[in-house]
Amino acid sequence: MNDESLAKRVVDRMYNHDPFSQWLGIERVEESAGSCVLRMTVRKEMLNGFGIAHGGITYSIADSALAFASNGHGRRAVSVETSISHTESLREGDVITATAEEVSLSNKIGIYHVTVRNASDAVVALFKGTVYRTGKDWFPED
Amino acid sequence: MNDESLAKRVVDRMYNHDPFSQWLGIERVEESAGSCVLRMTVRKEMLNGFGIAHGGITYSIADSALAFASNGHGRRAVSVETSISHTESLREGDVITATAEEVSLSNKIGIYHVTVRNASDAVVALFKGTVYRTGKDWFPED
Amino acid sequence: MNDESLAKRVVDRMYNHDPFSQWLGIERVEESAGSCVLRMTVRKEMLNGFGIAHGGITYSIADSALAFASNGHGRRAVSVETSISHTESLREGDVITATAEEVSLSNKIGIYHVTVRNASDAVVALFKGTVYRTGKDWFPED
Amino acid sequence: MNDESLAKRVVDRMYNHDPFSQWLGIERVEESAGSCVLRMTVRKEMLNGFGIAHGGITYSIADSALAFASNGHGRRAVSVETSISHTESLREGDVITATAEEVSLSNKIGIYHVTVRNASDAVVALFKGTVYRTGKDWFPED
């Protein structure tokens, strides 16, 4: 099995039956070992008291992108530290895309940048995530 | 008006009509200028594919605590950088409490630690947030 | 051997023959498994073009405090992510103290806060460090 | 005066008479408004007890790159939060290059990624810095 189909199998297992991703309305655009693109639309119930998206919304899609990208190698990876800067406001109806890319990978640690952009391709959030790579495979039977 | 009642007025204005806080079920426990305590219960639709709370849930309550604590001084403050480490898993029904405390405050910048704990008082997430304090008051008419 | 003497043996091994710590003039005040206090004096060659200590100086003492505190359990630990906020300026002759405390510890990951204070006990920098704990002991022969 | 020559004038003023940069042996490779490249060689007195460069060394060159890049617009900018991940070890004699690029810029806040690479172009550290942009110009007389 090639890298791409392994990544897809992992994300299938992580994404299906995931109630919060369903609630967010996350759509899988692209995925492979170490990278991933997700998309969603900001809805009314995701807004804060100022009528703009709560910081937790962009964090959530970025954190999902981190999980999918880092687990896509086929080994279980868990987040150890994440940071995010919110650089632009989002309103109801805005479509956002989160692109995760691997910036460093060793046997035990992986580091990822996730960039969240709006439909005009402007950066709305910059996320960095560090994961610990366990010794457990997603499909040990392979 | 004393500090505590100013903080309450600010948080009233931020929290009311905030659809995402309603969805999360956030409950205000305590607030004053520079600090704040919030509580919520993890529900089924907040879980990821492993049956544990999505990282975005603890981030969201911590980010709200940051916003309420930092704006409680009466001047509008906006988040410039946040980081979070998830140290324990959460399951459906778990009650979590987010406590924000101010660790540094200057004219333009405030820094806050938010600790999220479960009902057994174990730390489940460590959050740090930095805000930029604008020159605009919440109640300029005062 | 108790925890404290194990921590001392580890830090002895890390600190002795460490040329950069010698250059910084770091002095060990206190150490035990998971915590540590270090002290140093800001010298002229540590200043930047504004006559205040370069950000790398407070980072360096905090990073050393992280290494000593996290390795003090007797297992080799390596830094995976660190962050620092510089909250007050330092001048030539200022004596600073870095206090590292463990805020989370699991089998593989440790998280530490290091607070750097000046002689008046004012916070000059807030540092957070995450380490990966390897499976290797410092003194396997024990 | 164009952007590039303004950036050079600012960095001239910051870099000259900067004792710690002299001690580090930092060499300016390139600079313009919002970006900058610096280079240095790891020396014996920069090593820790394991014979590899102390984390404070790569932090220091990255922090200088942040300062030069963010001030290069001609307005004084001060660091509010920085983070760094050390991904590869460095030994005596290694030549490292720090490249700062602006990833977000608003009226008050700038965000920069600084990548530190060794002579083989391998990433040895990933740094992110956030600055607050004051209202003061470097050369108000212009």
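Going in written order, the chains are labelled A, B, C and D, and every chain counts its residues from 1.
To be clear about the criterion, contacts are C-beta pairs under 8 Å (C-beta built on N, C-alpha and C of every residue); 3 or more make two chains touch, one makes a residue touch a chain.
Predicted model, so just to flag it, every value in this text is computed and none were measured.
Considering the contact criterion stated above, the chains in touch with chain C and with chain D alike are A, B. Of the two chain pairs considered here, A-B and A-D, the higher C-beta contact count falls to A-B.
Rounded to a whole number, the gap between the C-alpha centres of chain A and chain D is 30 angstrom. Note on chain placement: the centre of chain A and the centre of chain C lie 33 Å apart, centres being C-alpha means. Annotation: 23 Å between the Cα-based centres of chain A and chain B. Across the assembly, chain A contributes residues 80-81, 83, 85, 130 that each touch 2 or more other chains. Listing the residues of chain C that touch chain D in their complex gives 13-24, 44-50, 54-57, 59-61, 63-64, 67, 79-86. Within the complex, the chain B residues that touch chain D are 80-81, 83, 108-109, 130, 132.
Across the complex, chain D meets chain A through its residues 83, 85, 87, 103-104, 106, 111, 123, 126, 128, 130.
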